[in-house]
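The data blocks that follow each hold one structure.
Shared between the two complexes below is chain A, which has chain B as its partner in the first and chain C in the second.
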Partner chain A sequence: MRRGSGAWLLAPALVILLGAFVLPVAMMVPTSVHRYVPLIGITGDLTATYYTRLLTDSYYLEIIGRTLALGLTVTLATLVIGYPVAFFLARTPSRWRNWLTILIVFPLLLNLVVRTFGWIALLAQNGLVNQALRALGLVDSPVKLLFNFPGLLIAMTHIFLPFMVLVLIGAISNIPRDVEDAARVLGASWGSAFWRITLPLSAPGILSGSILVFVLTISALVTPRLLGGPTYQVMSTLIYDEFLQRLNWPAGSAEALLLTIMVLALVYLSGRLARRTGASA
Partner chain B sequence: MTAARLRGWLLRAWVALVVAFLMLPVVVVALASLSRTSYLTVPPRGLTLHWFTVVLADPEYLQAIGGSLLLAAVATVGALGTGVAASFALVRRRVPGAGLIGALLNAPLVFPAVVVGVALLQFFALVHLNGSFVGLALAHVVITVPYVVRAVTATLQGIDPELEHAARVLGASGPTAFFTVTLPLIRPGVAAGALFAFIVSFDNVPVSIFLLGAGQMTLPVKIFTAIEYGVDPSIAAISTMLIVLTGLGLAVAERWVGFHRFV
Partner chain C sequence: MTSPALTVRRLRKAFGPVVAVDDVSLDAAPGEFLSLLGPSGCGKSTLLRMVAGLVDPDGGQILLADRDITKVAVHRRNLGLVFQSYALFPHMTVFENVAFGLRRRGAAGHELGPRVERILELVRLGPLGSRLPRELSGGQQQRVALARALVTEPGVLLLDEPLSNLDALLRDEMRVELKRLQERLGTTMIFVTHDQAEALILSDRIVVMERGRVEQVGSPEEVYRRPATAFVARFLGRANFLAGTIAESAADRTVVALGGGKLSVLAGPRAGWPPGRPVHVVIRQESIRLEADGAAPGVASGPGDPNRFAATVVFHAFAGQAHHYVIQLSDGRELEVAAPGGAMPLARGARAFVTWGPGDVVLLPADEPAPGATR
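Entry: the complex of A and B
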């Protein structure tokens, strides 16, 4: 190990990250406490109004609540759908495993706008899902699946499922098969060995996968914008409109900082939780 | 053991269903691009490649494709240059505050991209970089560098530092030892990091959309605004081209560096 040259090797990356990431985000703090007057712009008056209205006005509370509800339901859906898939891929000796993993990764690498566009074709009034529902005789008139919660839930579950599966594969592969076999030898049924041994041992993966999917869901812009339109807002689309449509940068900064605080707090808490469970194990 | 076999088959059926669910929008987009109708419809009515020629003759799409390729290439080179050096320093040098620096380098992975976008919109306006290619490229280095750092750090940790030591003892300078011994050894990690960086940059909307100046366009932002304007089969056609290219790229990457090891 040498000292000295490490600083020079780190300098370019650090300068870019501090200058084009940390500083610009920090500079939204002063912006967020200045009053914006339409047609005039950002004034010198100091105000906390953009924060208080986020936490008291029912319009903003509904958007924040919707964002969090979406994060929670998408996380649960990806966990329930993804866990068996990850379990299979972590345990199977099949030679197809690598190519199955590639099939799970493929949507992740495909352009997000393209995937979202696919869901527009699927969920529209005359889309494939409604055609199928009518052909099966399940509904008489088209079900509304765009510009509402179910549409966003379905599409975002699809978009974030690969993240959950990949994190869980890692966690489940790390569990030694021996402990499960030991439980079976000692007389536990498969179900009881799974619920009492495998599932608890994969808890760290469940935690980090859930935090990742939750954070990505509440931060997502493209899918909520294209499937929710300008009327069915979440926090990120609200920020988008504040900056590009209403040009109210102080309000947008306050909303962006609230979203940032929510994300950082979650990542920090999950880190502490992971350390605590890791230490006790 | 019939219960175990039943479980095995149920599990396989579930995996097949989930893979089908993951592929569903991809297939739907590809089918929609072939329709003769001027509106979006699945299954397609009639078969035609007309919409592909429409897209490839559209100067706006061609400009957007060029803009995206150039931006992704510049961002990847920037992320590789800064990211490989930083990874090397973090793994092989004793750096004060290494934990904090590592966390900072990885922060853009979980940080809301839309916040990065609006923060840079304001910041670049103040430092007169708004609407500039330099600003856009810097922003893309910020969002791509974590992928390089992650892939390269993981590979570097698996390489014996004694190999580089041996080269130094035999008289090679620091840079020579790095470029002739260490770099070839970590090439799979560098290749995977570069691929991730390129894809992440090429894919990005939530940062680019706030920073594009007049006369600048990227492909995903172009498709994004086209969808907001109204969907038609030409969007499905350009999407299908991206599906095919992504699929080919992934297959090549898997054969070349065993891509699945890096995800």
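Entry: the complex of A and C
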């Protein structure tokens, strides 16, 4: 057999990546700098207007800010809810462990649209949540949970929680129990051992789980569209409307490129962060 | 007599139907090096982890210098524990690893540095304080683990197979180092191992365990030369087991007729063992002297000596320190013999004589489970 680096094994993936990702994105670059005139289409005029308005117009800035805020809060929420679950599943000697893990993954097997409609039924003015809140006497008038930030936060936290939990289970299972036991014998209480040993050693998992959920959240389309309605926009719904409703491909391209750059920058920065801190684990 | 550094009373632990530790009692004197020796699964590690507080006992008591710590939380026991895997904190430097226990005990900042430095000097890691564990060799990591456990001056240091992950050469080196460290610091150490050579070399006393029970407690010499059970005889060193019955029990000697009736073995006196009692005759490999037939007169033995048998060499191998032989006696039974490596080897098929002293013969009651069945 030929001795080599085995790089050719990457070829199929590279071809797909090139054809399905790099090329379309690259083709958006020229599109994004041409002026679009309604009813005429993309003209030959060069312009940077779609970029400048993205970064100056308060309408677009609000959408960008909202998208980032949503990504950040969903990531934090899945982390806070998911870590204890993952910790339990990684550490329990219970024979139910595999079943519980399947239960975590199960929502992923359901169609995303179905799950999102489920949330509409729950969060609507007359939905289950509001009925329950009123029955308990906690609120007088229904709380608005659709077409706004809390609604998206709740639904997307639920939808992306399994990803966080699965990544964290892997990371936490990789921490040797001996290391925690050593900390405790050395005089650390359970909490102290967790804070000083377990949590720092699960940092790589926290980081990759967070990147995954963040990227999935800011690029999600179906859930924000259905739960946000036509007016409560995030970047992905904006891009969708630009391309398919307003047919303004140049503007859509500029917005899509900005989203891509944001994701790539995040992945790059977190990679550097991992090398500096988490790599020791 | 001073009170023991550690006392374990009737400690018991079962995992489901499996009884891991079955009513074990023992104590360790201050400054003693006590080994728990046994095959894997004998309960020695579980016993150690119960003492450390990492496993809750089902019953029994643990006393540290007369203080009952059975219900005391792990982190308040003031014990040291060295793991087989070292269990160093991978995200902390060597210095921080060692300082961890001191910080948890609220050691003042100004004494922290010197104490860590001193213990790192002691385990010969002086200049490596700023390294991360993964940048160290296995032996160095082991020394960090030792330093980390010792720096808090624990009442008792527990060691769970600490040398098993090292290669043979390093293991020998660390053994010596560990023993010298113990003598120097005077720390009471409880050492879990499945390696009988390690236990013999290091220990003041050895606790031989099997199936959750203590088989024998004694000095290395005692457990090696006077094993109390077939299991102990089998587990420490290589021994020949011969089935027989007591033919004569006198004040100065015991005669055992070996199965088949043609040969008999002379052993030391055994009061209260009546003739007719079935026994195992245990003779260590290296207790047997082997000499060529027709060797120069005047050497070790003559025809009149007890326990002198004609034999034929059926197998020979050289193992450096020793020659290993399998010899066959006139009644067809085979014995394993270890002769000093410097001796002239006997070839396969050579005619020879084997002898051993009556004092080297260990008699064990034959109602013990047969050797081999215990493993």
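One rule holds for everything that comes next: the second predicted complex is superposed on the first by the 260 of 281 C-alpha atoms of A that agree within 3 Å, B and C clash if a C-alpha of one lies under 4 Å from a C-alpha of the other, contacts with A are read in each partner's own complex, and residues count from 1 in each chain.
Basically, a contact is a pair of C-beta atoms (placed from the backbone, for glycine too) under 8 Å apart; a residue touches a chain by one contact, two chains touch by 3 or more.
Just so it is clear, the structure is predicted and the values come from calculations on it, not from any experiment.
Colleague: Under the superposition described at the top, does placing chain B and chain C together on chain A give a clash or a fit?
Modeller: fit
Colleague: So, does A:17 touch the first partner chain B, the second partner chain C, both, or neither?
Modeller: First partner only, chain B.
Colleague: With both complexes superposed on chain A, which partner does A:70 reach: first (chain B), second (chain C), both or neither?
Modeller: Neither partner.
Colleague: After lining up the shared chain so the two structures overlap, which partner does A:201 touch, if you call chain B first and chain C second: first, second, both or neither?
Modeller: After superposition on chain A, A:201 lies in contact with chain C alone.
Colleague: When the two structures are overlaid on chain A, which partner does A:226 contact: first (chain B), second (chain C), both, or neither?
Modeller: Only chain B; A:226 stays clear of chain C.
Colleague: From the CA centre of chain A, what is the angle out to the CA centres of chain B and chain C, nearest 10°?
Modeller: That angle rounds to 80 degrees.
Colleague: In the overlay, answer first, second, both or neither for which of chain B and chain C A:5 touches.
Modeller: first
Colleague: Going by the touch definition up top, name the partner, chain B or chain C, that contacts more of chain A.
Modeller: Here the partner covering more residues of chain A is B.
Colleague: Could you grab the smallest C-alpha gap between chain B and chain C in the overlay, to the nearest Å?
Modeller: Nearest C-alpha atoms of the two chains are 8 Å apart.
Colleague: Any idea which chain B residues touch chain A in the complex?
Modeller: 3-4, 7, 11-12, 14-15, 18-19, 21-26, 28-29, 32, 40-42, 78, 81-83, 85-86, 88-90, 92-95, 101, 104-105, 107-108, 110-116, 118-123, 126, 138-139, 141-142, 145, 149, 174, 199, 202-203, 205-206, 209-210, 219-220, 223-224, 227-228, 231, 235-236, 239, 242-243, 246-247, 249-251, 254, 259-260, 263
Colleague: Sort out for me which residues of chain C touch chain A in the complex.
Modeller: Within the complex, chain C contacts chain A at residues 52-54, 73-81, 83, 85, 87-91, 100-101, 104-105, 132, 134, 148-149, 152.
Colleague: So in the complex, which bits of chain A are touching chain C?
Modeller: 176, 178-179, 181-189, 192-193, 196-197, 200-201, 280-281
Colleague: Would you pull the chain A residues touching chain B in the complex into a rising list?
Modeller: Touch list, chain A to chain B: 1-7, 9-10, 12-14, 16-17, 19-25, 27-28, 31, 81-82, 84-85, 87-89, 98, 100-122, 124, 126-128, 158, 161-162, 166, 190, 212, 215-216, 218-219, 221-222, 225-226, 236, 239-240, 243-244, 249, 252-253, 256-257, 259-260, 263, 267.
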